[in-house]
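Presented below are the structures under discussion, each in the form of structure tokens.
Next come two complexes built around subunit A: one with subunit B, the other with subunit C.
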Partner chain A sequence: MPSFVRKAWLIYCKDLREEFRTTDHLLSTLVFGTMLVFVFSFALQLVEAAPEAIFPAVLWVSIVFMAILALQRSFAKEKDSGALDALLLAAGDRSILFYAKFLYSLTVLLLLEVIVVPLLWVFMGAAGTTVHMPLFVAAVFLGSWGLAAVGTLLNGITVQLPGARLLFPILAFPLFVPLLIGAVLCTQGALVGETRAVLGWLYLLAAFDLVFTIVPLLLFDYVLEG
Partner chain B sequence: MKDALKSPSFWILTLIMLINISVIVYYAPVEKTMGIVQKVFYFHVASAWVGLLALAVVFAASVYYLWKRADRASVLALASAEIGTVFITCTLLTGPLWAYPIWNTWWTWDPRLTTTLVLWFMYLAYIALHGGDGTEARKRLAAVYGIICFVNVPLVFFSTRWWRSIHPVVISSEGMGLTPKMRAAMFVSLAVFSLLYVHLLAIRMRAISLQQRVKHLKAELFA
Partner chain C sequence: MGEKNVLVVRHLKKQIGAKQILKDVSFQAGLGELLAITGANGAGKTTLLRIIAGLSRKSGGEVIWNGGNIGYIAHQPMLYGSLSVQENLAFFAEMYGTMSQRRVQELLELVDLWLYRLEPAAVLSRGMQQRLAIARALMIAPALLLYDEPFTSLDADGRAVLRRVLAEYRPRTVQLVITHEPQHFGELGYREIRLKDGRVVEGGDRSA
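Here is the complex of A and B:
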């Protein structure tokens, strides 16, 4: 294994191990996610609309809220314990750190979604609709990929500045817009069975993911400098 | 303010702005179906143009800052973002004035409208991140964010464009849907607004530099 991949893999494993040793953050994010599901389903139960019309929007709003909580962890825990410099020395190349943290964020996000999405599915009464499963899974996966990539990059920015952590959602929201439009329309396509029509949106999601996975390779050195 | 009144460029610009307004009011013909409300177009398009131009300047200055670490580039980026915000606000305010009588709605989720609104949010986020206190970390991180925002604009535009569009296309592959006189008035307006941008940029850059210098001197004094 080339050393770049190996180093990233080791940091990734370390992060996951650490996450599962103290599950408080993962657990509280999960509880927050299930509460979101409950609040949305409760608030929308009187709205007379087909589930496939409102489910995609509610799904992605819930995922984004969860992501904003979950993605602020990646660099914050090292910064708080003063271990970021040591980690930088150990990794050598800074982009290694980005890819390790990105994979870790993506894994956490997907783990949360595995529990929250089916819950939302049941609560919103979408269980009766036929769904194109591969497209649905692809939309959720590519959407989470983009959220994790942008979130990791921005988390690297906000942890550097004292008192700037509140800025994270403000910096993230405008960047999430194209991703969310694509993800919502893909999910809707999967629910109503218009798979061919929304294929273009899947490509847009993939393009977004590609851009925000490659751009950090060029920019991340500047983020973690000093 | 006193300084501004003394500078010749202020008076020259005031004169040019007055000429621009008279060109829009007297020279440009009244549109046949839309009537007088179409005149807002000359302000609307010119502000949108400056808003986009300002983002390109933020991008170029950010790249230059990361490359050469010239403080002036960072000041330029911040000043440009601030002025861009003002012009994008003008675009967002003049749009509905025209849209209400013509489209019968104040707002719609059209690609251009959505992109402009997202651009406005990005400017606000950029300014919040930059903060203007002139520490090295803020300048560097704001430069990174400025570059990401510029990369994001085409993604926003194309994602919303596939979605839906009812906005009139001013410059398309078939040429422009404007009479020669209207076109002349539009180009005058674009040029004048660009000059206004450059003028404001110079003033704002000076103010930010002075602000940072005062902060620096204060820190030195109390250290």
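Here is the complex of A and C:
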């Protein structure tokens, strides 16, 4: 296995092992996501709206808020323990850290979604709606990929700055906007069966993901400058 | 290209914003040398070590090192608290491709932590964490060892362990130690480089 991939894989496995050994962060993010589901479902029961009209927006607002919480964790562990320097020395090429942390963030986000999305589906009353499943899964996957990629890049930029926890969401929201628009429209297309009409947005999501997955290869060496 | 196993630092400069942390630092250190880097707080000692380690970018001058792996023992132990003592060592050894269970045992015995190998790093005392950080730096078969105030937080036993490491690794490494207390080196001979306001004021190499 090439050194780049092997090192990224080792960091990824170490991060997951740490995450599952101290489940407090994963659990608190999951509880937050579940609370969002309940709050939205109670609030939206009071207004008359078709589930397919509101479900996409509610789904992505929930995912983005969960992502903000979950993604900040990726570099915070190293920052808190001071292990970032040791990891930078061991990794050599700093972009290895980006890909390891990106994969870790994407895995955590997808794990949370596996629980929260079906809950939202049921509680929002969308259970009776027919859905174009491949488009729905593609929208959720590509949207989550983009959130994880942008989140990891910004986390790398902010982790060594004072007030990182405040800076991260402020910088993340403007970058999440195009992703959010594409993801919401694709999800809605999957629910109302207008797959052809939203294919352009799906390509936009894929292009967004590609850019934010490749650009850090060039930038990350400067991002984590000490 | 520099000579193998010789660290050469020439006219090194580091500026962050308007502040010039290192103004002109030059020295050389060869195999078997133990250099004590001394100076008041803010003299630029840690910045110098971070640049040599490759953790921080220099603003000018050069650092030449062709000797192999660099072991860095920072002020903080730089460990993963939820991983055990053994897992911490194994993770970094695998990252450097130097993993060997026998070596893990040897190093944990060297720093008197073998009995604690299954304990999470977070429950160890500060001194024990520092000893584990030393073992981690040695795990990668370093040719250059950089220590940032390693005697701080070590008790008498810990200091004895560190002196043993400094002596045992001396013939095959170049060792740079930031310290305010060179008396802790005991009988180990050393060369002192004193920094003041980002310049070498004693023991450097002005011809470099």
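Just so we're on the same page, the second predicted complex is superposed on the first by the 226 of 226 C-alpha atoms of A that agree within 3 Å, B and C clash if a C-alpha of one lies under 4 Å from a C-alpha of the other, contacts with A are read in each partner's own complex, and residues count from 1 in each chain.
Just so we're on the same page, a contact is a pair of C-beta atoms (placed from the backbone, for glycine too) under 8 Å apart; a residue touches a chain by one contact, two chains touch by 3 or more.
Bear in mind that the values here come from a model prediction, so they are computed numbers and not experimental data.
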Spot which of subunit B and subunit C makes contact with more residues of subunit A, would you? B
For A:A83, select first, second, both or neither according to whether it touches subunit B, subunit C, the two together, or no partner. second
One more residue to check, A:K14. First (subunit B), second (subunit C), both or neither? second
Report for A:A91: first if it touches subunit B alone, second if subunit C alone, otherwise both or neither. second
Return the residues of subunit A at which the contacts from subunit B and from subunit C coincide. 225-226
Contact residues on subunit C for subunit A in the complex? 50, 53-57, 70, 72, 74, 76-83, 91-92, 94-97, 136, 140
Once bound in the complex, which stretches of subunit A touch subunit C? 3, 7, 10-11, 14, 17-18, 21-22, 77, 81-86, 88-91, 225-226
Listed in rising order, subunit A residues that touch subunit B in their complex are 153-154, 157, 160-161, 164, 167, 170-171, 173-175, 177-178, 181-182, 185, 200-201, 204, 207-208, 211, 215, 219, 222-223, 225-226
Subunit B to subunit A touching residues, read off their complex: 66, 114, 118, 121-122, 124-125, 128-129, 136-138, 140-141, 143-145, 147-149, 151-152, 155-156, 158-160, 162-163
